[in-house]
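Structure incoming, see below.
Labels run A, B and C following the written order; every chain starts at residue 1.
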Amino acid sequence: MSDTFLGMPAFPQAARVALHNTTLRANLRHATHTIRAKRAQAVAELSDWEQLRDAGRQIKDHTLRHLDRYLIQLEQAVTESGGTVHWAVDADDANRIVADLVKATGESEVVKVKSMATQEIGLNEALAAEGITAYETDLAELIVQLGDDRPSHILVPAIHRNRAEIRAIFTSEMAAWGRAAPDGLTDSPGDLAEAARLHLREKFLRARVAISGANFMVAETGTLVVVESEGNGRMCLTLPRTLISVVGVEKVVPTWRDLEVFLQTLPRLSTAERMNPYTSMWTGTVDGDGPQDFHLVLLDNGRTDVLADAVGRQALRCIRCSACLNVCPVYERAGGHAYGSVYPGPIGAILTPQLRGTTSAIDASLPFASSLCGACYEVCPVAIDIPEVLVHLRERVVDQSGAGHRTESIAMAAVSWALRHPSVLATAERLATTTRALHPRRPPGVRAWTAGRELPELPAQSFRDWWKENHR
Amino acid sequence: MRVALFVTCVNDALFPATGIATVTLLERLGVTVDFPAAQTCCGQPQFNSGYRRAAEGLVRHTARAFAAYEYVVTPSGSCAAMVREQYPRLGETSLPKRTYELTEFLVDVLHITDVGAYFPHTVTYHPSCHGLRTLGLGDRPRRLLHAVKGLELRELPGADECCGFGGTFAVKNADVSVAMGQDKVRSAVSTRADVLCAADNSCLTHLGGLIRRQQEPLRPLHIAEILSATEQHPYLPAELTR
Amino acid sequence: MTQAARERILARIRSAVEQTPDVPPPTRDYLTAHTRDDPTQNTERLHRNLTEYRAIVHRATPTRLPTLLAERLAAQGAQSIVVPDGVPDAWFSACAIQRYGDRGPLTPAALDAIDAVITGCALAIAETGTIVLDGGPDQGRRALTLVPDLHICVVRTPAQIVPSVPLALPLLAPDRPLTWISGPSATSDIELDRVEGVHGPRRLEVVLLETEG
């Protein structure tokens, strides 16, 4: 994965900083609460929601079990319809393939459709190192790029910014990247969208090369699908001569028919719409319509490691709807940057440590960045049991006995031994209650608790002792 | 009917009143209550913290402690959820089928929603995440509260949002945990209820700690203590009789 | 290099899943449609859902269509239109404005200078308020319906309307470039609040053309 985030502090420290940023908290609260109610309504319209969710899960699990077969089928179908398929083991591989393809066109700039995979591999930075400028064309990505910022949400990477901040970024930064923001730009979302339209229009019209990801790839037909709202995707997928799509291997679905499930669930879950404004589907190249040169780069970059974990592999079902972020109480307060990855929120907390491993401070802290409340699992359109995977990854972190877990391991073993011996437990409880007046108000080790909360008062007698006295 | 009370380690050590209220309530409804003394902890703290092996030992221990009982009743949505949801993954399949969270046992097994309680106070109810999402308790607790004489139930805004306790999350991510809890307390205070009720003392330990730190005019109380109160034996803490 | 990568990825996949029992294809017990396939209902529903996402929807008979198109182009201030070859000339019998065919073909810059595009469609989906273009003769290549700022799309009712997504997919050819359009361009990128009009046509007008059979 991109090393943009390496060296990040562990989640709790990063979250603490975010919590003190009142603008950020207000922005996130406003945005996530707005979308929650709308999503619930969009889902409630479908009486067969549970069946669609289950079918989505089954399609993904079936595909993952036979991923080799479906990728080969996809490769064949794409090739037969005029595309070229490349395979990339890791980020470096993929970046090199893309850079070489762009250089072969003789171009030094590309337009980009919002793509998680290309963020994950740090493609823009890799292209810049080769003298190629990548222009992000999704509105939120544009905000992030112009603001020299990092994405904080899967669907709305600039969710941490409010309209006033966006206005300021456009006003000060657009000129350096192309057409300047209009004079007297207001912070109404309509005006901001218009400024982005004008700024990007000239880039779309002259672009010769586009880079995209894809939401789905259909193995039996070789069709790629991009789901979007603004039309920047259509611009990139239609006007340039060369199109390069970088797509994670897990995005393949076996059949054309499988789209009927995801095209019903994805828009409702991500933007709370019955259908998103634009969905583009293309199969290889078409004479006289759209790019005449199409390359598909199939990306592994850790996905096969995830696939090898029988519990963790369900994370590969993800269709990047971002509903889990929008309902997550931890994400709402900590913000996306605290997760130290292009994949924030609950799905990020299970995907990032699997893709990157759990050796760095941030990655080892991610499985613990959850109260296990289960709201993410409840909304997930492919039924990823995120709490299950979180707990599973906690085991992995503990087994590695990473920083901070060694003392805890010893304590946990001692407590667990005592808990298997009720008489020891009873004695300990009695000791605690009889000496309760002697306890320090802030005993060491519970400082984290008492920083914001009082400790519970110890009762005069345990239940166990009460029962003994009152029920034989 | 005879049931085993699984009081849980948190209630045993910190909230004996909840255990006592559960016994009082069940006996009033004609249920014979046993307390198998071998019981300790369900293993959830170990399991959720990544100590699977330690948890497995407690799973076996707990399963043995309750092996003889057809009904095991616990006043904890969280521990009931651990048994129901995770025990099968940890090799124990029998106990999950025999374990009931208290409100679930009252409504589904005893088929009672009016337990004859009396509690002349305003109450708002926080459905814990494990009760709400893992056990699917639905409106059972609120139906029980509705039937309590004298009780006025006030809807809690954002009820389905987590309070921020989350076991070791409360300590490992203390800042986020406190922020979530503060929002929950603010929401509860906005109802102007006297009592913040839940079916889980783990949530209430966290919320109660915040309430006391912030000196909010709100009393955290387990639902068993409300349901056990009657006109003959009312619940009479000083805070509620002012 | 990519060949070695291919073999390596496929081998890693095989070793990752070889211990996993087979997972059968999905059981599809979800609905084929959420509404009854009734021609009148389909049209009503499409109309309502398109309107909800800020498309302007009209009803017209074949006789009335030319006048309606002329009126709409005038109302939107369009001075020029581009029209794919397969659109009947008769639709424009009441239009006096500059009309372009896709000759050359037109460059993106040339299209950018044209105010509007008028097309037919492959089909429309009532439940989701979606029209689908497949590059057929009355729709042209994708750039035509993308660059001009006003798109007027004529849907033949009830023949071209299907109730749902599952009923639409089998009627569409995957080897054609498909564009699904549900209302005009929109974004939720600012505070997750939806606003219409970014890069695609900011104005979408749909004419539900009443035809027989």
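Here is the rule we go by: a contact is a pair of C-beta atoms (placed from the backbone, for glycine too) under 8 Å apart; a residue touches a chain by one contact, two chains touch by 3 or more.
Keep in mind the model is a prediction, meaning the values are calculated, not measured.
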item	value
Centroid comparison with subunit B (C-alpha atoms), farthest chain	C
Chain with minimal offset from the mean of all protein Cα atoms	A
Rounded Å distance between subunit A and subunit B, as computed from the means of their C-alpha atoms	34
Rounded Å distance, subunit B centre to subunit C centre (Cα mean)	53
Rounded Å distance, subunit A centre to subunit C centre (Cα mean)	29
Contacting residues of subunit A [partner subunit B, same complex]	11-12, 15-16, 19, 329-330, 333-334, 367-375, 377-378, 391, 393-399, 405, 408-409, 412-413, 416, 419-420, 422, 425, 429, 432, 446, 448-449, 451-456, 458-459, 461-464, 466-467, 471
Touching residues (chain side subunit A, partner subunit C) in the complex	27, 30-32, 34-35, 45-48, 51-52, 54-55, 58-59, 61-62, 64-68, 71-72, 81, 86-89, 93, 97, 137-140, 143, 155-156, 158-159, 162-163, 166, 189-190, 192-194, 196-197, 200-201, 204-205, 218, 221-223, 229-232, 234-235, 237-239, 249, 254, 256-261, 263-264, 267, 271, 273-284, 286, 288-290, 298, 300, 304-305, 307-308, 310, 313
Subunit A-touching residues of subunit B, taken from the complex the two chains share	7, 9, 11-17, 19-20, 23, 33, 35, 37-41, 43, 46-52, 54-55, 57-58, 61, 129-130, 133-134, 160-162, 164-182, 205-206, 208-210, 212-213
Of all residues in subunit C, those that touch subunit A in their complex	1-3, 5-6, 8-10, 12-17, 19-20, 22-31, 34, 49, 53, 105, 108-109, 112, 125, 127-130, 135, 141-143, 146-147, 165-166, 169-170, 174-195, 197-201
